[in-house]
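Here chain A shows up in two complexes: once beside chain B, once beside chain C.
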Partner chain A sequence: MIRAAIIVCWVMAIGLALFLIAPLLVIAAASFSPTPVFDLPLTGASTRWYGKIGRLDGFWPSLLLSLEIALLSTAISLVCGTLAAIAIARGKLPGAGIFATALVSPLMMPGLVLGIALLQGFRAIGFTAPWATLLVAHLVITLPYVARTMISGLARFDFTLIEAARTLGCTYPGSVLRVMVPALAPSFLIAGIFSFLASFDNYPVSIFLADVRTKTLPIRMLQYIEEAPDPTLAALSTLILAGTVILLFVSDRAVGLHRMAGTSD
Partner chain B sequence: MSEGSPHLVVRGVSKRYGPTTVLDHIDLTIRRGELVTLLGPSGCGKTTLLRAIAGLAQPDTGKVELAGRDITNVPPHKRNVGVVFQSYALFPHLTVAGNVAFGLKVRGMARREIDIAVDRALSLVKLGHLASRRISALSGGQQQRVALARAIAVEPDVLLFDEALSALDRKLREEMQVELRRLLQDVKATAIFVTHDQDEALTMSDRVAVMNKGRIEQLAEPRELYLRPASLFALNFVGLSTRISGTVLAADNGKVDVETKVGRLSALGNFQAGSPVIVAARPEQLRLGEQGESNSAAGRVRSVVFQGSRTLVEVDAGAGESLLAELSGRDGAIPRVHDEIRLSWPVTETFAFPMEAQA
Partner chain C sequence: MTEATLPAPVAAPAVDRERLTAIGFVLPSFLIIAGVFALPLVLLLGVSYVDANGLSFANYKRLLGTPYYLWVIWNSLRLGLLTTLIAFLISYPAAFALARARGPLRSLLLATLFLPLAASVIVKAFAWTILLRSDGIVNETLIALGIIEDPIRMIFTETALIVGAVNIFLPFMILPIYAIVAQLDPRYAEAAATLGASPVVTFFRVILPLTLPGIIAGVALVFSLSVSAYVVPTLLIGEKYPTLATTIAKAYLLAREPGFGAAAGVVLLAIAIAVVALSARLSREPK
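Let's turn to the complex of A and B:
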């Protein structure tokens, strides 16, 4: 009976994994297609679509913009989110619970609604510079990821460690750097990765704030697929996929994937 | 500075948190090489006093001097104190040796000297073989030793222990008490322990400061504290006692005669006639039977608790008063429950305390 249950579980797990991974495999396979139209079975392999990525119209500015926005918003969120999390986790702030909920609430908001709201809000106050509005919008997207991760990380952090470091000769800022930051390194890494990925592949919010010259990579990619659906896009997707896998693999080596899933140690 | 001279001086230190007075004009002088315990119930201010000495809490008024230097406004990292915390507060991302080396690295000591100092500190606490372990791989007792080694390694002017042994189980705690005292005497450390455990206080310290409501009620050697408690609170907090309430009939040169519900008793103390007092005596002073020139009272045995070398006998003396006697086998027959007995005890071991001071 239990044996049967275990078999059913495994079949479901494998089936689910296949269902999730199969499209990604198709994309990867399509990127090596020798012909502009992807067709199974493959009649050979070619890497010429990878060579074409760099020649895509407006590719490099979009990639740079996306990296810029993702890295900047992640960096700012890490600092602000951590400071906010400290205030909340130390529990001396009146209404800390409300503050925490508000901070994390954009996570629960549909991206489209958030995008329209931000667009209209920015317009209303005359804040229309595309690059700056994109950065602020992405801060709204990334801050909850950082805040949520850091609040749970700090909840397990013993602030006596900072006092111990101070009595051993560290200044207060020195104690934070030498003790709190290393002790929370896993949380920082997880927060940083999720924040970066959330910003880098965001479409629904960015689309409302982008203009002709300021287009993030996801927006540009959707445009390509409308204009010329050839395997170049599959090649680009495969590269992004590979980058993500490498990022996750490296951080798994560093801190363990189980901690990223929030199941703690 | 020579041994025995004032090393740590606390002068008129007060601290309030909102409407609560946590420290109420504390004066405390500790000599070099002395082991002193701050003993009291939770909320008596003992931990706040320790934190004020460490620099982790800023007193509202008063001064703290350490090794001849006014440190009242010196931040904790420049005070050269060593603190062992109740939770040990070991750094989880560092090894055992990394924890012990932390304070030395911060001080910018050369690597070779650090290695030597770490080895010495770890061998003092008998953990040399675990130097490269991670903190999470250690038992509670081992973590306690690492915390001690880390505090000792920086050669602090004073070592502060905040309920440092309370997380250990009873047997380990008792072993550590003896070992820690010997170790601290070996390295000639000046140390302050904060605890609510009277056994720990009596075992570990040269002097004990009994604290209550932000004040030091009594600062005395353990023996004196037990034999000559200065207040009813000190009497109650350290050891057991028989306590009987009454009214002073006559006072004469440090001695009082007190009318109680169990008869007339004499005690040491200075009171005016008519004052309500509590008369008290330690249980081992009470003997079976009548003896000349001593206090005595009779009653029916309520309970007999055998405790190995001694037996605790509680006697119902009527009128809501009870007597507690600690009898050893040498005192002859141990009474049984419901026996009618008479107990007596010397007047010179009987104390009177003002009634209103009852905690």
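Let's turn to the complex of A and C:
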């Protein structure tokens, strides 16, 4: 019976792996479709759809906008979130537990509800410039990822190591730079990647803040899919996937994927 | 130097300064969460009581008093419940295999969990629209295997919706369960067996209770994500399966009924908060 249970576990695990990876493989295969109707390239592959990506209506401004918002909001959140996590981890802050819960709480909230709440809020104070509202809104999307990863990363960091380095002759900035920064670099990298992806992929918040001329890439992509899906979209999706694979591969080399599993609970 | 001669007036401000620094460190994040998260949500609650005639409960009466909108709320809950149940039934056994995997196999299995997690929801939902087309791969495989004779309509059905939602939210179920299962000490199960417990008893009395925190975390996360999903129902089933999320979007983007949309948002928020509160309570309870 135990043997049967073990077999069930392995069947489920392998089935799950195939099921999860299937849509990604299909997108990649369809991007080489020889015809415009998503044929799998069994009879011959074509790369012409990749050449058509740049000619999608409004593609370049949207890509640029999404990159700007994702990079800037991640950078700001990394600074603010890390400072907050240090304050929470050092234990000198009254009510640290409440702050920790408050900082990660947006993760459990429906994105769409946050989107309409921000739309109402920004309108109420007359703050309606789409680029600026998107950036401010994406701070709330990225900050919880940084706070969660940095709080759990700092929980394992021993602050007396800084004192030890100073006793051994390091200056205060020197000891932070040579002791704390290397110890926290993996958490920092993971926090940065997850927060960048959360912002770059966000649809439910951005859709309420964008206007006709200021559309992020996910908004543009959903529009393309609803209007006229063709293999160009599969090609674009494949390129984004390839970028993500490279990002994950590099971070796996740097910190190890199993550490990412540990911090995402 | 004895303690009595320590310059007390200097020592006290030193503590204050540390506290002030800590407050200074947390302040930017606090301002972002308070100003761009908490305050707008409070405002949304206020807007949900506003309709064309001023302050009233009209939006909630319409939402909770018409059979159509009760069906919409049920659709959201049904999507959340089915997705969570199926994702759990697949993830729980798989987490045990994943925890026992070693070396390259473990890296490969973990990569299949992280890669989809990093891929855009829109891209994955789009892939399912290609997979489930009547001339798509799923249909052609089923025909080739002789399971069906003619292609069956899958896209824009509830099956497509649930398959897509399970696929997209599955990593959020297995990762918390895996994190707990991987730390499970095998000696507990061995001790139970030594004491004469059958495998079934060992599972229900030892393994299941020990892995419960992971299950609670995964269930809460997948339910709150799937109950409020917007992209998945929009692309995989469309108009005929309206949910709270699609109703909110329609009220704001098409119908210009912010009060009604806000009320639907508050209901969805209440569901999410209930799930978080319940899971926090369950994971605190002594075994």
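By definition in this document, the second predicted complex is superposed on the first by the 254 of 265 C-alpha atoms of A that agree within 3 Å, B and C clash if a C-alpha of one lies under 4 Å from a C-alpha of the other, contacts with A are read in each partner's own complex, and residues count from 1 in each chain.
Definition applied: a residue touches a chain if its C-beta (ideal position, glycine included) is under 8 Å from a C-beta of that chain, and two chains touch if they have at least 3 such contacts.
Given the structure is predicted, the values throughout are model-derived calculations rather than measurements.
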item: Which superposed partner A:127 touches (first chain B, second chain C, both, neither); value: neither
item: Which superposed partner A:160 touches (first chain B, second chain C, both, neither); value: first
item: Comparison of chain B and chain C by chain A residues contacted; value: C
item: Partner chain(s) touched by A:168 [first = chain B, second = chain C, both, neither]; value: first
item: Touching partner for A:182 - first (chain B), second (chain C), both, neither; value: first
item: A:60 touches, of chain B and chain C: first, second, both or neither?; value: neither
item: Residues of chain A touching chain C in the complex; value: 1-2, 5-6, 8-10, 12-17, 19-24, 26-27, 30, 38, 40, 79-81, 83-84, 86-88, 90, 92-94, 99, 102-103, 105-106, 108-114, 116-122, 124, 136-137, 139-140, 143, 147, 193, 197, 200-201, 203-204, 207-208, 218, 221-222, 225-226, 229, 233-234, 237, 240-241, 244-245, 247-248, 257-258, 260-262, 264-265
item: Parts of chain A lying in touch with chain B, wherever the complex brings them together; value: 158, 160-161, 163-171, 174, 178-179, 182-183, 185
item: Sites on chain B touched by chain A in the complex; value: 54-56, 75-79, 81-83, 85, 87, 89-93, 102-103, 106-107, 150, 154
item: Touching residues (chain side chain C, partner chain A) in the complex; value: 18-19, 21-23, 25-26, 28-30, 32-33, 36-41, 43-44, 47, 90-91, 93-94, 96-98, 100-101, 106-116, 118-124, 126-131, 133, 136-137, 167, 170-171, 174-176, 178-180, 199-200, 214, 217, 220-221, 224, 227-228, 230-231, 234-235, 245, 248-249, 252-253, 258, 261-262, 265-266, 268-269, 272, 275-276
